[in-house]
Every structure is written in structure tokens, then in C-alpha cells.
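Remarks on the structure that follows.
Just so it is clear, A, B and C label the chains in written order, and each chain counts residues from 1 on its own.
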């Protein structure tokens, strides 16, 4: 059963001709992890933002649908969409250093939404906050909840953000490059933590990353993006066995392997780039007249 | 986005043009007042007191914007008032600029005890209520055009000194100043040759703003009846006179007020426009 | 906007303030406060000296200034001795300053009452006017900033920008005149003169009329007082409201792009909630600092605004004192203004330290 279903989604800068997202379709199954892979600028973060309704004002969606549990978010009123997303989705942001409000204590940053959006009473929300911090292996939860963000380390803050995302038992979490801003040593732990939390809570996860190695570890299926277009959409196992699309194949060849980290890496060949560009262009045919 | 930005620039340009247009008209009015003013601005005629402007019933031909309680022509007084306003704006503005900018430049570039003294002075000056200070000065020096100018210079030099000091400091920390020093330029000459040209845009903008402020200060002092003589046509004096008859002769206050309003607005829009053109280190 | 160069944006100010103060421990904070206190004392001394010297040194016999034209030499001599003006300026200053330190500001020449009592009698009127103007400015400016942020990128925001630009370009004196014309004459809904309708019977025991009328549940009097204060307070508030609107909107818009605000958006909060709860607390610090400084300008503006609206406050009394050559009274009022200005600045510094969590828990 699919939980998130994106169909033919196209987006562009307001007033511009070129599309940033080109006819994107993808599905995230209930309780499954779907990877969204591409180079920077491929539009992978843009998709996550579109799902959560936080696209910049300069970007507009021109066609397509984003169905959450069978309801097209784009057909809802802004307020209704916001409520639905707030109740069922969450975001694990990229940079833990900037994603917590510096002037507020950690506690309310986790509990406020439980109380104000989901209507829990405050005691229940606070108990939940302590419990969920325990799940991400934060020992002295009481002290952390009373702290301000600047008093905590980066790894600690990322744990808090993960805990906060899972606190309301959302059905879908978008993880936007959650390990990119972290030290390599911390990356592994955080990745493992996300995977554990996802498995325990059975949450569907849209995992945005540029790292195929990460995808191979946590995802069940994946979409490869180039120029805002999905060039390959498949399950993880067949993909790593042998990708269909030449660009996906080249991308895989450019990724270091854990089994053989010293094997020589191939940059994506120019010919492949040229081919995928052609396809992107072809997808634009007839589109300007819409 | 890009479109919106273009629009804003265009609008700012329009405002700059309107401001320039009004100020040009004002300069012309001031220069040509003796030829274009329909009446003698000082001529009183109690039988012609409080005549309304031309479109209101009871108006007399020749008094386009009506007359005040002493029967003086409002339009002519506004035109002559432009002379005083502009003289104050230009002379007081330039002198304030010269003194304030020099002190600010010295404090910001030389630092050390010079900066300490000037900064302390600025702090003391900032603790004075400016309007009261100017009224006090005029009361002590005695009324008159030169007194107004002196009062404005004495009070407002800190506006220039504060900003120019901060900017001279910022410029002084830049590499090009250090390299000029290394190249053997003397400190004094570094200040004039390296720092001043970079601070100049700021100074020009502040000067424009100061001219508007000078016009207002003159009007305020005339309003408090301390400016020049009560007979001389000043906008502030006209407004003070109009304030007392506001219920039965609105035109006596409205026309000089509109003129003053537009003039002050124009000076400051001109300043804002220039600020956008130059580097925006102000505020 | 130019493509390059430093602009003193909200975020930059914020960063500067944090960086500057965050390294300062609490002991250092206390030390800094002591230094501020000392420089404040020096500033006040400087103000006192300057007023003193300006009144006495500039050409013109101060006693002749006091007396009506036609006074005899003997009159002048008597008065000179009476006010101690036959002594040297330095001696006069020492005597005066000694008195001030004991709370004696001398006697007013025109009313023959102690300066301190006169000044303190008028101070409440000016304080009420200033605070009301400040409240109006914060309310108007804050609403404009929030509205502009909520509707950013639309015509509404453009209109707010243009309005704020206009409001800022024209000083309080002119706004006062415009308001008198509009709400005093064209559409006379407010009083344009005085502090309270003279025929009313005032049961007050203090001069804080606005405050006391509320305490005594005399809402009829309160309404009358507000109706008198409204226009002068609004005239004082307009330029400050414009400054608040501009700066707060700029810092809000910068804050709205930050990650934690985006994260809050995904949590289902309404846009207005996101702005007020998440962005505002972080965007407000630079505005707060600025408002403190600008508030002293606002208080300085009461002098002419009180005159314009015949409002019986300190500023109006000051202008009368100047016109009547009442030297002790002028000195007293100027010193009091200086005390208020420097006091407000000190308070701003303190509240800044208290409001910044990084400082509280540094």
C-alpha cells in the first residue's frame, strides 16, 4: 500500500520558463524507506519541500498531484494542507546547527506541536518528550529539555531533531540529507539511529541524499534524479545489481564501495551527461505551450 | 522576483525625479521671487484680511491663495519664504557638514585621544534635547538668519560626526589603507587621499538629509517665534500665524504647510535616492 | 538594492551583538555596566557645564536678559547679587552643582518656586505622553512589520514600504500639524489643545492623570485625557513606527528563511504563528536596541510637540522658561532631559542583556 504518491509533478521558478521538476512520479510505501538520489541541483530536496509544503515562494507547482494517503495535498486549501501535513508528516532537516530556534528551550520545541496541533495535554506531551529522547539515546532528558540549543553539541542537536520528528508518530518523515552537515564519525551513528527509529515506529521515510552508499544501507527502493527528472525508479536490490539507465549506472560507478573502497572510481562520462541532457530536453517538448 | 525588483527601482527613480523637480521649482521660485510674486509679501491691508483662496466664495482677484489676518498675500509670502528656507538649507547644511564630517573623519581615522574627546563630546551632545537646545541658543544669541544657522551647526554636527567616524573607522581597517601606509604615505595625506573619497558618498547623502532638517529647524524656530522677525516671510512663521486662526482661515496654515511638507519630503527622498545609488553603508 | 556591499541588516546587527556580548562573561558584564555608569556621569556633568556656560558666557548680560527693558542699574545689581551672578562662573557652578547634588535646583525666577517642584510637577505629563507615543509606535510599527512579512512579495508589502518611507521622511513637528488639520479641524474627533478639558473637576492627587484616572475608575476623565493626548502622541509615534516597521520587517524576512522557521512550518503551525512564535523572538533584538535610542529622540521631540498642542508638559514649560529668561528653570529642565536620555540608554543596554538567552546562560 502506498502512503505517498507523487504523480507527474512539475514545478518552476515563478515567471520562468524552465522547469525545476519535470514530470516527477514516485511512490513511498507505508513503513518503507524510499531514497531520492541525485547530484546537487537535481531537484531532490525540492521534492521533499513540495511534499511538506515548504517550497520557497519563488517556486510554483505547475502541474501534477501529491497524494498523501489518497488525498491530493495540492487540491486542499492552504490551511487544510498545513494541518494535514502537520498532523501526519515530519522533517528531519539537514543542518542541526540552524534547525533549532536559538531563543527557545528544547522542551517546547518538541512539545508545542503535540499540544497545539495534535491537542495533547501538556503532561502527556512532556512525558512523551522524555521518552522519545530516551529512544535516541539521550540520557539526561530532563536537563536537555531545559537547555537552549547553543548549549548542546551538533550530534546531540541532530538526535533531538530526529526525536522531535518521531515524537508525534507521523506516518511519513522526509529526511533531507540528514547526515551531510555532520562529522564523518557521527554520520554513521546518526544513520543507524534513523534506521532504527524508522524500523521501530514503522514510519514511511523519504530519504533525500546524494550518497548511493547511504541508500544501499537504509532504503528499500529509490529514485534517481537528473535535472529535475526521474531517470530511474526501482527497488534497491535490482538497482545495485545493475541499473537500467546509463546515467544511473555511471552514478553507481562513481560511488565508492564499502566492500572495495580502494577500487578506482569513474567520473560520470560526458557522453552519458549529454544523453541524459537530451532526455531532459525531450521531456520539455510541447511543455511550454501548457 | 527579478521583475519585482525592477519595479522597485523604477519607483525609486520616479521619486528621485519628483523630488528633484520640486526642489528645482523651489530654487527658481526663490531666485525669481521679486518678479513672479504677485504682491509685496510685507504689504499689510487690514481691509483685505483673511481673504480665502481664489476658488472659494469671497475671494478677491489677485490673491490666489488668499491672505492672512493682516491682509498679506499668502502666495507671495510662500515664494519669498523659499528664499529664507533655501539659504538656511544650503548654508547651514554645508557648514554643519564641513564641521561634523571633519571631526568625524579625524576621530575615526586618527583614533586615540582625538577619538576619545570627540566621542565624549558626541555623547554629551546626544544627551541634549535638540529642539530645546536650539531654542536656548537662539534666545541667547538673539534672533536672525545667522543665529539660526549657527544654532543648526552647533546642534547637528554630531549627525555627520557619528556616521563619518564609524565609516572612517571601517575604511581605516581595510587593506588598501595599510598598503598606502606601507608605501610610505603620511597619515594626514592618507586620510585625505585614501579615506575621504570613500566616505564622500555617505557625506553627500547626509548633506541632502541635513538640508531638509535645516528647513524644519528654521520652521520650528519661526513657529516658536524665535527665528527672524515676525514680519519676514518664513514658512514656520506663517504656520504659527495660521495655527491661531486654523478654524476660520484654514488656507493661512494649509498652503505653507503643504510647501514645507513637500520640501522636507523632497530633500529626504533625494537623500534616500542617492543612498540607493551609492553604497548603502548609512542608517 | 545594490548587488554588493555591507548593509546593516537585522541579521548582521544580531550577529554583531551576539558576537560582541557572547564572549563577555557575567563578571565582565557587570564591569561594563559600571563603566557605562561612569561615562553617564561624565556626560551629565558635561551637559550641566555646557548649559551653564552657554547661558552665561555668550554675549549679553544674563541679568539684563532677565529683566524687562528699562530696569535701572541698581535693579540689575540687586538681582545680580541675589542670584549669585556677581561671582565667577566657576564659583557659580560649584554652588549650583553642590545644590543639585542635595536635590536643590534653585528657585525659578518667574514663578519664585523651587525648580525641582516645578519640574517634577510637569514631568508626569511628558512621561505619559512619551510612553503613550512609544506604545503607539510599537503597536503601529509592529503591526506593519508583521503584516508586511505575512504578505511579503505582494502589493500590500510595497504599500507598507512606501508608507514607512514617507512617515520616516517627515519629522514629528510636521505630522503634528497635519494631524491637527485632519483630526482637529476637518474631522474634529480629537482635542488639539491642552492636556485635559479645563472645566472638568480633577480629583487627582498626582500628576499622572492618565494613570490615576484608570486607578480611580474615572473612565470619563480617562477618555477626555486620551482624547487630548492622542494626536500629539500619534505625531511623535509616526516616525518611530516607521523605523520599527522597516527594521523589524527586514529582520523578520531574513529570519523567515532560516532552517528552524522552515522546520516549524512543517509542524502545521499557521503562518502568523510561525512569524510571531518562531521568527519574532529572534528578529526583535536589533529592533529593540534601535527603539531604545530612538525613544530618546522621541522624548526630545515632545518639546516642540507639546508646544504645538499646548500640552502642559515639561517641554512646553521649557520653551516658556527660555522666552522668560528663567535661567535656573532652564538649567533644571535640560539636566532632567539629559538624565532621562542617558537613563533610557542604560535601561536599553540592561534589557538587551536580559533578553538575549545566550547572555543569560552564557
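One rule holds in what follows: a contact is a pair of C-beta atoms (placed from the backbone, for glycine too) under 8 Å apart; a residue touches a chain by one contact, two chains touch by 3 or more.
Quantities reported herein were computed from a predicted structural model and do not represent experimental measurements.
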Most extensive contact between chains (C-beta pair count): B-C
Of all other chains, the one whose Cα centre sits farthest from subunit C: A
Centre-most chain [mean C-alpha coordinates]: C
Centre-to-centre distance between subunit C and subunit A (centres being mean Cα positions), rounded to whole Å: 51
Cα-centroid distance, subunit A relative to subunit B, in whole angstrom: 57
Centre distance in Å when subunit B and subunit C are each reduced to the mean of their C-alpha atoms: 22
Overlap residues in subunit C, where contacts from two or more other chains coincide: 153
Of all residues in subunit B, those that touch subunit C in their complex: 4-5, 8, 11, 120-121, 123-124, 126-133, 135-137, 139-142, 170, 212-213, 216, 219-220, 223-224, 226, 239, 243, 246-247, 250, 253-254, 257, 260-261, 264-265, 268-269, 272, 276, 279-281, 283
Parts of subunit C lying in touch with subunit B, wherever the complex brings them together: 1-2, 5-8, 39, 42-44, 46-47, 50-51, 54-55, 58-60, 65, 153, 158, 162, 165-166, 168-171, 173-174, 177-178, 180-181, 184-185, 296, 299-301, 303-304, 307-308, 315, 318-319, 322-323, 325, 330, 333-334, 337-338, 341-342
Subunit C to subunit A touching residues, read off their complex: 152-153, 258-270, 273, 277-278, 281-282, 357-358, 361
Residues of subunit A touching subunit C in the complex: 52-54, 57, 79, 82-83, 85-87, 89-91, 93-95, 98-104, 112-113, 116-117, 148, 150-151, 161, 174
